[in-house]
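Scrolling down, you'll hit the structures one after another.
Next come two complexes built around subunit A: one with subunit B, the other with subunit C.
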Partner chain A sequence: MSAPSAPTLPTSTPAKSRSRRTVRRPAPDGRRPGRAGRALRRNLTAHGFLIGAVLCFGFFSWYPMVREVLLAFQKTEDGATTWAGWSNLNYVFHDPAFWQAWRNTLLFTALALLLGFAVPFVIALLLNELRHARGYLRLLVYLPVMLPPVASVLLFKNFYNPEYGLFNRIFEVLHLPQQQWLQSTSTSMLSVVIAATWMNMGGATLIYLAALQGIPGELYEAAELDGAGLLRKIWHVTIPQTRLILSLMLLMQIIATMQVFTEPFLLTGGAGPEGSTTTVVYLIYQYAFNFGNYGSAAALGLVLLVLLAVFSAGYVRLSRATDE
Partner chain B sequence: MSSSTRTLISPTQLASRRGKIVYRTVLALVLVAFTLVFLGPLYWMASNGLKSTEEFAQIPPTAFPHALHPENYKSAWDVMDLSHLLLNTLWYAFGALAFQLVFDVAAAYSLSKLRPVLGNVILGMMLATLMIPATVLVVPQYLTVLDVPIFERNLLNSPWVIWLPSVTNAFNIFLLKRFFDSVPQELLDASAIDGASQLRTLWSVVLPISRPILGVVSIFAIVGVWKDFLWPMLTLPDPTKQTLNVGIYSLASGVPENWLVAAIAMASVPTLLIFLIFQRNIMSGLTAGGLKG
Partner chain C sequence: MRSSWFRPARRASAATLVSVMALAVLTACGTSSSADNDNDAAGGSSDPTAPLDPKAKVTLTIDCMPPAAKKAELKEWKEDVAAFNKKYPNVTIDGKSTPGQCEEPARFTAALKAKSQPDVFYTYFTDLQQVLDNDGAADISAYVTDKTVPALNDIDPNVLNVLKKDGKLYGLPTSNYTMGLLINRKLFTQAGLDPNKPPTTWEDVRTAAKAIAGLGKGIAGYGDYSAQNTGGWHFTATMYGLGGDVISADGTKAGFNSDLGKQIVQNLHDMRWTDNSMGQTQLLKWGDLQKQMATDKLGMFLAAPDDITYMVQQLGADYANFGMGPIPGGKATLFGGNDYMIKKGSSPDKIKAAIAWLNFKTLSVGKGQFEYARSKADGLPVGLPQPAFFIGASKTKDDQLKTESATMPVENFRAFMDNPIPGKAEPPKAQEIYKVLDNVMSGVLTNKNADPAKLLSTAETQVNQVLANQ
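Presenting the complex of A and B:
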């Protein structure tokens, strides 16, 4: 990987007690490498260290990025690639599934934010107040994140079963009406969101908890002196103090939930009853791997990319702000 | 943080008689609710895997299996060929870990301490990939591994298809670089004066003090492979090459439900063990790196 060590060190370094005089010995050919030679060698070593990662990025990240854009404007038929102009995008926009997929994805995002954004914050607030069993509770909340998705999903599929599933049994005991869960157009998406929230909220909870622990206690004391109650303390101290983290997490979750694929795919086969859980990424998957229509898949990917770029830009701006 | 830090509820409020009662009630409720919600499903998984087929389908369900059928686990293990799927997953996960450790650590060290020409441009291009939604790239990435340019290789069904793309983890490189940035330059200079090469310096000076961050990166690398679904489903269509997630999913409809539940219980054990052993590192890694992406 790197060049063998060579006498390239500054001669001004004190080498008094060092027996390793080798450091100062000139190169075998009798002359020391010059300034330019040293810089070149330094750079060669440095680039040698970089080469593996750069090649991987080149082949599996940067090149696919360029290819994504090209694909969106190409058509491949019988192995021949031709320029397709805007026809892929045109096709995508006129596909009724496109609008349904967007409606579903936005519904998923809205529900996921309602649950996946608010619930972890409330849990973090609660955990931060408790003085006992903290480690145990933190462990519990993060446990589902470590399960392989296929395990969590098959678990929930079983719980959601209308006949023998656990949820309907609990509803029965509570005298609530039986639900069709994943099998009805009105509840399928909510069911997916509940499962996804259970699976993924551990990370957000721990991040909120860390943010809450950074709030100086004097602020709460000052608020109490002003006669603030619990809710007013949360509103006027906790939320302003964690505002940056909250907005960062909000953007991060929007970016993540708009790309949801695995949960609906595993829970409802992707489409769900009457396409009620078809998401944008599932539609991309369908175009590419069921219909072999890579052009349309790439075109739809590009639409999603442009939309998410806006949120990403906001995220980068915000995280710069938190750095300062 | 210790419990001595001042939070929403004031200590005096807590110390009052009413405060104590409210606190104890809330604590008990939270303990019960959290255990049910987060541990309950795991218990359900382990215990229902032990039930007979009749008891499994019984309405209302039983909380404790009447008769234990550990042979379900054995049957699921054999029929779904879990040992094979498990070995595959381990092979992919540790291979990905090795590739990430070698390439990402070397790259982060170079970008942090060796500062080559165009280093910042390369770092910027790497970090830019964080802004591209990963799922958008699945289609072009898939087409790329079908026929890797220049090398003209088809990587489908080979472990390389998991290992090499796993290196393109800009977040890991970012975490490592930030850690290396904090390693004092004097330490590296001292090592250089002793005549050590850059590789030697990285190996004997920098890596030993980077253990915490290496631990975090390693755990996330392994868990990442263990949890991935879409990519291995697309790129490892051969059933003998599949991962646990994909293999169990594709076999799910063909086996009795109690065996299936036994199978997912077994598939969950490795990552849960990793978590229980390394939970401190995972928690610190999450909160150290999780805030910035």
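Presenting the complex of A and C:
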């Protein structure tokens, strides 16, 4: 707690604390407490909470990250942990699966952005235009997010089954050629992205919808008076008004999709036909838990971390821009 | 009774979650908790060859006690502990049970890294190098003699060698398997084939697969894996059966990009795409083929006898519906299995007590896991051809006891039993190599226009890379 004389926490009474600071009463032992010391005492409660948070984050978030960085430069062999320098990174960069995993991950990211970015936005636009049953449809759109990922994946695995799956039955009715879906190098990644988009788009749709509803109606009215059609309204009002949210979501999706693991792991056993769905995080999993090679797993994790840190920096800058 | 390629497969969903958490956990725990060095014995001898002092007080934590859901197995475990304690009243057996498999890769590797494995821990034959890299197991060479383990000289030396590194012994086997051709007897009969004579060459397999697939109704004649390292594992087994190997004799280079390798890939391609006898669904992993066969949708696949246990106990199939023949080609067969190791840093008394327990529970003919009359009375299966790591007099005795209490038609496995094929261990860096070879299997099974030569040469480059990084 703060000093007994202070009726409230200083943070809530900036004027008072400023006046107290000017008094500069000497401490009983004749020495004046340092500025930091006084600030600390005044904010004891706040610091108490802070320590808890720092300990939690430190133990569960930061320490593992530090350990990961250390592990990336260590090797454990025949019981001895030694410094390995760059050899783990060297191993990772020379693993033929490394470049394939990055190609696959970038393909996933690109496809996921095309689908996972555009589809929820279009759905949000449609929902926003609805006059009836909007809440009901909003619930329906969000429903897949509430399904456990494993259940959704099993569902799609059955849809994609080339023998009895729903998608091939639909293609049959439409007289389209039967597809191998997950089982062909040419369609495996797209199939994974379709499933992933379906599973995850609910959240994005709701965010877009909230952004759309924040656009003042007058802007649309003004545009209509100027003779703008639907597309022009979207282009000249909706998109500029939601630009910041759109860019934030774009970055968040890039960060999320670069770490994709669950969907390819469960849908295609991780690797897919000829390794066409091996992602970077799956490769990390392979190194660590199938090969027991923690050093390389940590090294690859580090590469991913550095790359995502760049994106995150961009994200932070953007969110600052949003706040202003 | 299965080696590491199975592990991710069966618990895929859990593994996904665990993987993310465990990465954090294993990094967090990496430096904590040192090996358990307690000397909880008074009066024990540190001389490895001296027998365990019956007065020595020892507590052993042990992996893989049957979970409560496995009532009969748990009852037998408790009975065995009681019988063991009659001789060693001061040894406390503290069994740790896990639902599902005794060893899951994510949990196992994390425990190893954190040095939190039990005193007596369960591993697969393929785990030794990983355990040693993490300084996890005690060298028990001096403790294991024909006094402490009377059947020692009747344990197949091939099996014991897998548990040795640089001449030192690190584990004791509990079971082992060799691979063969598992068949569905009902489908064989329906297709006009003789279920007592499973195919022994790949030409015969192809012919039989065509006949079975001809039954229609979505039935496949032959099935194979191509995901989560199990594809590469089966490719290796096929290679062994035909007398080949996946690595060169000196172990430094890939050895599968050969005429034999091409022949295997081409044969799979033709069965899949020309004969259409392998079903349309691919990218299968451990557990998938068993489901197909248990529901009479699949005629044959390469397997170990314990797959039958899985199909009967977990999938509700009937023992009488299955049979086994030797692996096609019959030159050599891939073998594996599991064993117990003792945590490094354990006191000599602990090691002695652990060996006494393992000897009683898993290595004595007619006792522990080999007490067939009791298993039969408890409603557990008796009569599967494996585990079979005994040779000589112990084997003769074990076979006799097994036959006396068999609960299933043992003659269904006659073709497999009567044609023993020399076992061959898995290659070094097995999982890495299997992962690369998965691509060959998935390539040929999912792509009609796959080029066997190209698939193999790409994989060769990758495996050479893996072996160069040893």
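The rule is short, and it goes like this: the second predicted complex is superposed on the first by the 268 of 324 C-alpha atoms of A that agree within 3 Å, B and C clash if a C-alpha of one lies under 4 Å from a C-alpha of the other, contacts with A are read in each partner's own complex, and residues count from 1 in each chain.
Rule of thumb we're sticking to: a residue touches a chain if its C-beta (ideal position, glycine included) is under 8 Å from a C-beta of that chain, and two chains touch if they have at least 3 such contacts.
Nothing here was measured: the structure is a model prediction, and the numbers come from that model.
Engineer: First (subunit B), second (subunit C), both or neither: which does A:Asp78 touch?
Structural biologist: second
Engineer: Given the touch rule stated above, what does A:Thr197 touch, subunit B (first), subunit C (second), both, or neither?
Structural biologist: In the superposition, A:Thr197 touches no partner, neither subunit B nor subunit C.
Engineer: Could you let me know whether more residues of subunit A are touched by subunit B or by subunit C?
Structural biologist: Between subunit B and subunit C, B touches the greater number of residues in subunit A.
Engineer: Could you say whether A:Leu266 touches subunit B, subunit C, both of them, or neither, answering first, second, both or neither?
Structural biologist: both
Engineer: Look at A:Ala309 in the shared chain and tell me whether it touches subunit B only, subunit C only, both, or neither; answer first, second, both or neither.
Structural biologist: It touches subunit B, and subunit C stays clear.
Engineer: In the superposed arrangement, does A:Asn88 touch subunit B (first), subunit C (second), both or neither?
Structural biologist: neither
Engineer: In the superposed arrangement, which partner chain does A:Gln253 touch: subunit B (first), subunit C (second), both, or neither?
Structural biologist: Neither partner.
Engineer: After superposition on the shared chain, which partner residues are touched by A:Arg67: those of subunit B (first), subunit C (second), both, or neither?
Structural biologist: both
Engineer: Based on the superposed arrangement, let me know which partner A:Gln180 touches: subunit B (first), subunit C (second), both, or neither?
Structural biologist: In the superposition, A:Gln180 contacts subunit C only.
Engineer: Looking at the overlay, does A:Phe289 come into contact with subunit B only (first), subunit C only (second), both, or neither?
Structural biologist: In the superposition, A:Phe289 touches subunit B and subunit C alike.
Engineer: So which bits of subunit A does subunit B touch that subunit C touches too?
Structural biologist: Common interface on subunit A, subunit B vs subunit C: 59-60, 63-64, 67-68, 71, 150, 163-164, 261-262, 265-266, 284-285, 288-289, 294, 297-298, 301.
Engineer: For the complex, which residues does subunit C have touching subunit A?
Structural biologist: Within the complex, subunit C touches subunit A at residues 4, 8-9, 12-13, 15-16, 19-20, 22-24, 26-28, 30-31, 105-106, 109, 112-113, 130, 132-136, 218, 226-229, 279-283, 285, 344, 429, 431-432, 435-436, 438-439, 442-443, 446-447, 455, 461-462, 465, 469.
Engineer: Of all residues in subunit A, which touch subunit B in the complex?
Structural biologist: Checking each residue of subunit A against subunit B gives 1-5, 9, 13, 15, 18, 20, 22-23, 42-43, 45-47, 49-50, 52-54, 56-57, 59-65, 67-68, 71, 125-134, 137-144, 146-152, 154-155, 158-159, 163-164, 166, 169, 198, 203, 206-207, 209-213, 215, 217-218, 220-221, 224, 230, 233-234, 238, 245, 248, 252, 255, 258-259, 261-262, 265-266, 281, 284-285, 288-289, 294, 297-298, 301-302, 304-305, 308-309, 312-313, 315-316, 319, 322-323.
Engineer: Residues of subunit B touching subunit A in their complex?
Structural biologist: By the definition above, subunit B touches subunit A via 1, 3, 5-10, 26-27, 30-31, 34-35, 37-39, 41-42, 44-45, 57-61, 99, 102-104, 106-107, 109-111, 114-117, 119, 122, 125-126, 129, 131-145, 148-149, 164-165, 167-168, 173, 192-200, 223, 226-227, 229-230, 234, 244-246, 248-249, 252, 257, 260-261, 264-265, 267-268, 271-272, 274-276, 279, 282-283, 286-287, 290-293.
Engineer: Which part of subunit A faces subunit C closely enough to touch in the complex?
Structural biologist: Those residues of subunit A that touch subunit C are 59-60, 63-64, 67-68, 71, 76-80, 91, 94-97, 150, 161-164, 180, 182-185, 261-262, 265-266, 268-275, 284-286, 288-292, 294, 297-298, 301.
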